[in-house]
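Chain lettering (A, B, C, D, E and F) follows the sequence in which the chains are written, and residue indices restart at 1 in each chain.
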Amino acid sequence: MLEILKQSSNPEICKPLVEAVIEKAKEFQQKFGRRPAFMEVCGSHTMSLARTGVKQCLKDEVNLISGPGCPVCVTDQRSIDAMIALAEGENRIICTFGDMMRVPGSNKTLLDSKIAGKDIRVLYSPVEAIKIAEENPDKEVIFLGVGFETTIPILTLMVGEAEKRSIGNFSIWMTTKLVEPVLRYLLDAGEVNLDGFLLPGHVSIVLGENSYKYLVDEYHISGVITGFETAELLFGIYKSIELALTGQAAIINNHPSIVTKTGNQVIHQWMDKYLTECDEAWRGIGVIPNSGLDLKPEYSQFNAKKRFTVEVGEPRKTKCRCGEVIRGLISPNECSLFGKACHPMNPVGPCMVSAEGSCAAYYQYMRESF
Amino acid sequence: MLEILKQSSNPEICKPLVEAVIEKAKEFQQKFGRRPAFMEVCGSHTMSLARTGVKQCLKDEVNLISGPGCPVCVTDQRSIDAMIALAEGENRIICTFGDMMRVPGSNKTLLDSKIAGKDIRVLYSPVEAIKIAEENPDKEVIFLGVGFETTIPILTLMVGEAEKRSIGNFSIWMTTKLVEPVLRYLLDAGEVNLDGFLLPGHVSIVLGENSYKYLVDEYHISGVITGFETAELLFGIYKSIELALTGQAAIINNHPSIVTKTGNQVIHQWMDKYLTECDEAWRGIGVIPNSGLDLKPEYSQFNAKKRFTVEVGEPRKTKCRCGEVIRGLISPNECSLFGKACHPMNPVGPCMVSAEGSCAAYYQYMRESF
Amino acid sequence: MCVGVPAKVVKKNEYSAIVDVMGSQTTVGIIFVPDVNIGDYVIVHAGQAMSIVDETYAKQSVEEWRKLVDARNSEAIK
Amino acid sequence: MCVGVPAKVVKKNEYSAIVDVMGSQTTVGIIFVPDVNIGDYVIVHAGQAMSIVDETYAKQSVEEWRKLVDARNSEAIK
Amino acid sequence: MEKFISLAHGDGGELSHRLIRDVFINAFGDGNEAMFDAASVIISNSKIAVTTDSFVIKPIFFPGGSIGKLAVAGTVNDLAVSGAKPVYLTCGFIIEEGFPVADLRQIVLDMANEARKTGVVIVAGDTKVVERGSADGVYINTTGIGVYQPNMGCSLEFEEGDAIIVSGTIGDHGIAVLTARGELGITVPINSDCASLNTMLDEVLQHSKGVRIMRDPTRGGLATTLVEIAEDFNITMKINEIDVPVKGEVHGVCDLLGFDPLYLANEGKAIIVVAENERNKVIDILREFPEGENAVVIGTIIGKEKGQLLLETPLGSKRILNRLSGTMFPRIC
Amino acid sequence: MEKFISLAHGDGGELSHRLIRDVFINAFGDGNEAMFDAASVIISNSKIAVTTDSFVIKPIFFPGGSIGKLAVAGTVNDLAVSGAKPVYLTCGFIIEEGFPVADLRQIVLDMANEARKTGVVIVAGDTKVVERGSADGVYINTTGIGVYQPNMGCSLEFEEGDAIIVSGTIGDHGIAVLTARGELGITVPINSDCASLNTMLDEVLQHSKGVRIMRDPTRGGLATTLVEIAEDFNITMKINEIDVPVKGEVHGVCDLLGFDPLYLANEGKAIIVVAENERNKVIDILREFPEGENAVVIGTIIGKEKGQLLLETPLGSKRILNRLSGTMFPRIC
């Protein structure tokens, strides 16, 4: 099987695929007089497309627009400030994914707080937080629960584990986001013209192919569920152009080896048990009703928002255009700060610092000063 | 006044005083056919006599015998082991005078425990411990209350302060000693032949000149209250020989600038308020009834022995002869371990490590290998 | 939005498994894929196996790519 | 059994005083010597003033030593 | 000898004396220089190379080496890549109270062995002890003195077409050490590449006049070291992603954690930039040594106008590589 | 520039690069050597002196100096007392996460100033950052290279009657630093003696052929340093308690805490053993310098059979002095 998996980055397959995509894109251009435009919903897609060079190779032929799929980037500034303020409290251990550390709050970052002596730990595996809570009974251990549908199930596992072991000093600061509500928002707003979506390979593990029916039924737009390796990306784009050429809307599962029709049902059970829909505020968008998941009231003891109060002021205003980047309205280099005031050493917005941020992807992989 | 105080170490005074003492000692020898023998009760006397060279200068003429006046040295081995075991408990801060750190317990020293990570702090001023207790409300702060009459009053001050500030996590592990009971023990035992005592200058601040009447009245032996500077030491010895020559027993206050007839009455009030007599075990002697002071029952909350239990086994047996050194029966170089198995880097008994220990004084100041 | 890594299951416990990624091994949770077997490849995300890789579909994808590539190549030869 | 150091009181508060020992200064408790005055010398032990040095007696002691020393010296001259 | 280091081992008194005598002098030499504040040594050339590094690695013992071996090899390599023959080393220890003396002995032994193997002499040392919680076990500084050899060395004259060689697989040290900490729960069957390269690099310089520069890609990894060369000498370098040798296991861990092997530390690798016509000769020489058996050309110098490092992807597109910007944090998801 | 040091300042990437460029190179020199793994320097004699020391002082700023000044002066002095002219220094920094960059700048400035004053050039450096709680602010290693000057130096030929000179009052550094920590609640109006002595000692060696040995009594103090000389060269030395210069304030603190000034650290004092007939000349030279204005003879060499240090008390009795045995703890009462 390893041999099969390896083929996805085999240059002998990938290089001809690039040509195939370009040819198909040219066909589209001839027919419609413009480049086909697709939004990669997922931040990891943005990164992979940039890192593997797919974006660069296709840049004149296909318009690949980054979407709202970086969980850190879409988090509202007030919410970022709240998490940083949370870390200021005494006797707390804040656990987080690494990406959060350098995200600019209005006044400081979590990294600044860590440098100043706060106990903030980057976890590779979130369930580690449960062990930390057990080992530090006199401290409050709070996990920063930032993520989309792939990460959310893991948060429920943590609650389940804390419940089973009767751990009283563990909680999650929930700021989760869902894909469907934000895609609906973008389509309703009608700000971007798209010929289809590259749908996230791993979120789809959870959601399943069928969950995207609304795109076709309600918005008459296509979606191709796509993996992250070079050949997978290229073939997803190829399929997207093919579909766009037919003028028909459809959902194609281009990643069937891991994505099923109905998604992972075990995960659905876990999510149903612990979670309930809630409104969430999105950067550059505002509150989208029912666009996130929160712990059900019966699990309030694990809900950091119920246990701790933090005070945050009005977020600092900057010229950062992350909000527009997320909505696919501009590409990072259209922001006047890009590469000047804003760069990975001094990020002004989260898009420049998250491992899935569009601005970070552009800065790292797509600057063309050579 | 400084000029006056300085005279006590002025060589122009001290050198002729040495000669005067030697002359007086020779007079004694002519009369009695032996050197006059005095016991310096106080461990600091032992140190000062050695450090200033007085002992060396007089060694052929006057027999100066170290007594039981080093608080660390007289502490029973089981009690030393108990203090070290105490430090092994979790969530404790042990505060101590520095001398205790390297005193050999049966298995280890407090320093070993500190090196292994226990929180053991050497204090310059014991009342610091109260501040430490206040700053560490979740820890038990225990002061190792080792000392004679000069130190004991300071322990009462600590209790008074802890009481005033309602500090619940502070206590003292009381193992104090009194001068009178041990002098009575030595005199009753009759093991040493003495022509008088050099009485401790600073203990006498507390006790006062009159407190030594029992020496004359009950034992017909003299005592000269003596300071610690070269001239004071020499003159104390001079006065002692003078008295011995007369054959009369008397108490002479040779340190009247700081020692009064009845002692410091303020201190007496503090001690009366907080303390009550108790039996104490002495190294090499065993329990002497009413030879120490303990906190009165109404202050049990500050009494570490009431609050904590420690388990200690049978003390390790060694060839250390500290017990005999303390009683004045042998001088350190008569111990077969002295300078060989036992030296300051590897003390076998407390006498080799305390700043007032006789063996330490001999090793540091009186070895004659040059 | 979350890259996962394919990893081969080499040992299976009740709630966890040891997986191998090109020779490096680590422990992952398998609560979400209770039916996983030794030898299966799983997609690991944040310490949890999220999905079992279906070999048939994986092969099929590669075949699709090859078909496209071969078609182009034979066209080029023509 | 506890050497004390003579220190000069340079500032007096209710329960403590600042004392000077040859130019170095520190704070000591004066609860045991409430009557101490600025300029007095005290014997300090473990952070507490235990006794006030009586200047008359101190002088008297030095005189006694000197008397003995002088007597010897004059004898030596004889 | 005590079992654990105490503050008194660092106070300059009797315990310091014994520690130095029993642990250090014993391993490092006859101790004559311990009688003086400085060691007196003879050198054979008036042009010398000097370098210093502190080693703060965690864990101090790791697969393939220890802080002791590393402290010698690291400084030897800095001299060797400069084209100098390493001759003398000093070492400064900062030890945490409570550190096991047995571990210290092992570290010192590792240093002595590595020094013997490389032919450097440890001529001066220092030991400080700090309170528990003021260090993490032990830190070692080594400072090295090397002598330049007549008519041998790096030209620093770069040409378009010069080959960029790396002497073996990258990232082994970074991954071996990271996983050895145990915090990640990842086990990797590879060792750190920690090794002294002076003999191998000396052989290269002996036989090739075409060497432009040599560097060891330690902290910051291959990418950072190449960026520094590119910027310092204003040359455009291009490396091919597909040619950079990375062990599968290292790739695996990087995939799991979101790390980039180009930025992982190496402790037994050299980068050699060499004239195009000498590249094969140098590769052949390197491959004669176990430390160089995987040596390969990974790129070329493609310009002399702009100080810049480019990476060519397997698809043929290029991108700029920068220095590592901020410690690598594992990605969010 | 950031206000506080982070781990990323030590990972070899962009932040390390900037820290070195903006803080170190800025203060220490033109930075050419920062392009290489080792600095290349020229020396004038094939016999050189090498010494290394790590500085872990607390507090890092103290009356009379800082860890930066000390790190330069300390190593310069080790070279100077060896009879070598200090020429090059390396420095290795270990910095705790969270350390204020402003403090680091000040320390580096102090180093640069002291280096300029003494005429040494800092040629190589290294910076590591460790996690909070794995260091206490900042530690600095300096390694020094000095060159011996032809027909100048210490003879190491001791004779009975040789004078033991100390260049000024002892214990100033120990007491100034100890009280500066604030933990003891003692205030002392004296500064550390921290100073580079190379100019003064060079003058001594220029004018006296009778110098037997020179040492700086740092850690372990006067007594320990003399014990080491006595043992290393098998000579009996005697010093007179009453002649050893100690400031009243230092005496005062020692009385309060039970310390012995003979074992307190000095950082700007030299011990010089010199032929009897040259003692006055050397004293005169020393007293021409502010660092030597209190220079005095404190003892003599009285034998050549036994490596031993004796102290004569004011009463005329003698006793053996040993190395400090165990950290000085304040006495119990």
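The rule we apply is simple: a contact is a pair of C-beta atoms (placed from the backbone, for glycine too) under 8 Å apart; a residue touches a chain by one contact, two chains touch by 3 or more.
All values reported here derive from a predicted model rather than from experimental measurement.
Asker: Any chains in contact with both chain B and chain C?
Answerer: Expected: E.
Asker: Can you name the chain that lies farthest from chain E, using the mean of each chain's Cα atoms as its centre?
Answerer: Between chain E and every other chain, the largest centroid distance is to D.
Asker: Computing the C-alpha centre of each chain, which chain sits at the greatest distance from chain B?
Answerer: C
Asker: For the Cα fit of chain A against chain B, please give the angle of the superposing rotation, nearest 5 degrees.
Answerer: 180
Asker: Looking at every pair of chains, which two share the most C-beta contact pairs?
Answerer: E-F
Asker: Go ahead and note the Å separation of the Cα centroids belonging to chain C and chain E.
Answerer: Centres of chain C and chain E (C-alpha means) sit 37 Å apart.
Asker: Could you put a whole-Å number on the gap between the CA centroids of chain A and chain E?
Answerer: So the centre of chain A lies 38 Å away from the centre of chain E.
Asker: Determine the centre-to-centre distance between chain C and chain D, using the mean Cα coordinates as centres, and give it in whole Å.
Answerer: From the centre of chain C to the centre of chain D is 86 Å.
Asker: Which positions in chain F touch two or more other chains at once?
Answerer: Each of 6, 14-15, 184-185, 256, 258, 322, 325-326, 331-333 in chain F touches at least two other chains.
Asker: Please output the residue numbers of chain A that touch at least 2 other chains, ranges allowed.
Answerer: 44, 71, 97, 124-125, 147-148, 150-151, 345, 356
Asker: Where in chain C do residues touch at least two different other chains?
Answerer: 1-3, 45-46
Asker: According to the definition already given, which pairs of chains are in contact?
Answerer: Pairs flagged as touching, ordered by label: A-C, A-E, A-F, B-D, B-E, B-F, C-E, D-F, E-F.
Asker: Any idea which chain C residues touch chain A in the complex?
Answerer: Residue list for chain C touching chain A: 1-4, 6, 8, 29, 31-34, 41, 43, 45-48, 50-55, 57-62, 64-66, 68-69, 72-73.
Asker: Tell me, which parts of chain E touch chain F in their complex?
Answerer: 6-8, 10-17, 35-44, 46-56, 77-79, 81-82, 84, 88, 90-94, 123-126, 128, 130-131, 133-136, 139, 141, 143-146, 148, 215-216, 218-221, 224, 228, 232-233, 263, 265, 322-328
Asker: Which stretch or stretches of chain B touch chain D in the complex?
Answerer: For chain B paired with chain D, touching residues are 1-2, 4-5, 7-8, 12-13, 16-17, 19-20, 23, 41-45, 47-48, 69-71, 97, 124-128, 147-148, 150-151, 153-154, 157, 179, 200-203, 205-206, 228, 231-232, 235, 238, 254-259, 264, 266-267, 270, 356.
Asker: Please give the residue numbers of chain F that touch chain D in the complex, ascending.
Answerer: So the residues of chain F touching chain D come out as 175, 179, 184-190, 247-253, 255-256, 258, 331-333.
Asker: Touching chain E in the complex: which residues of chain C?
Answerer: 1-3, 5, 7, 20-27, 44-46
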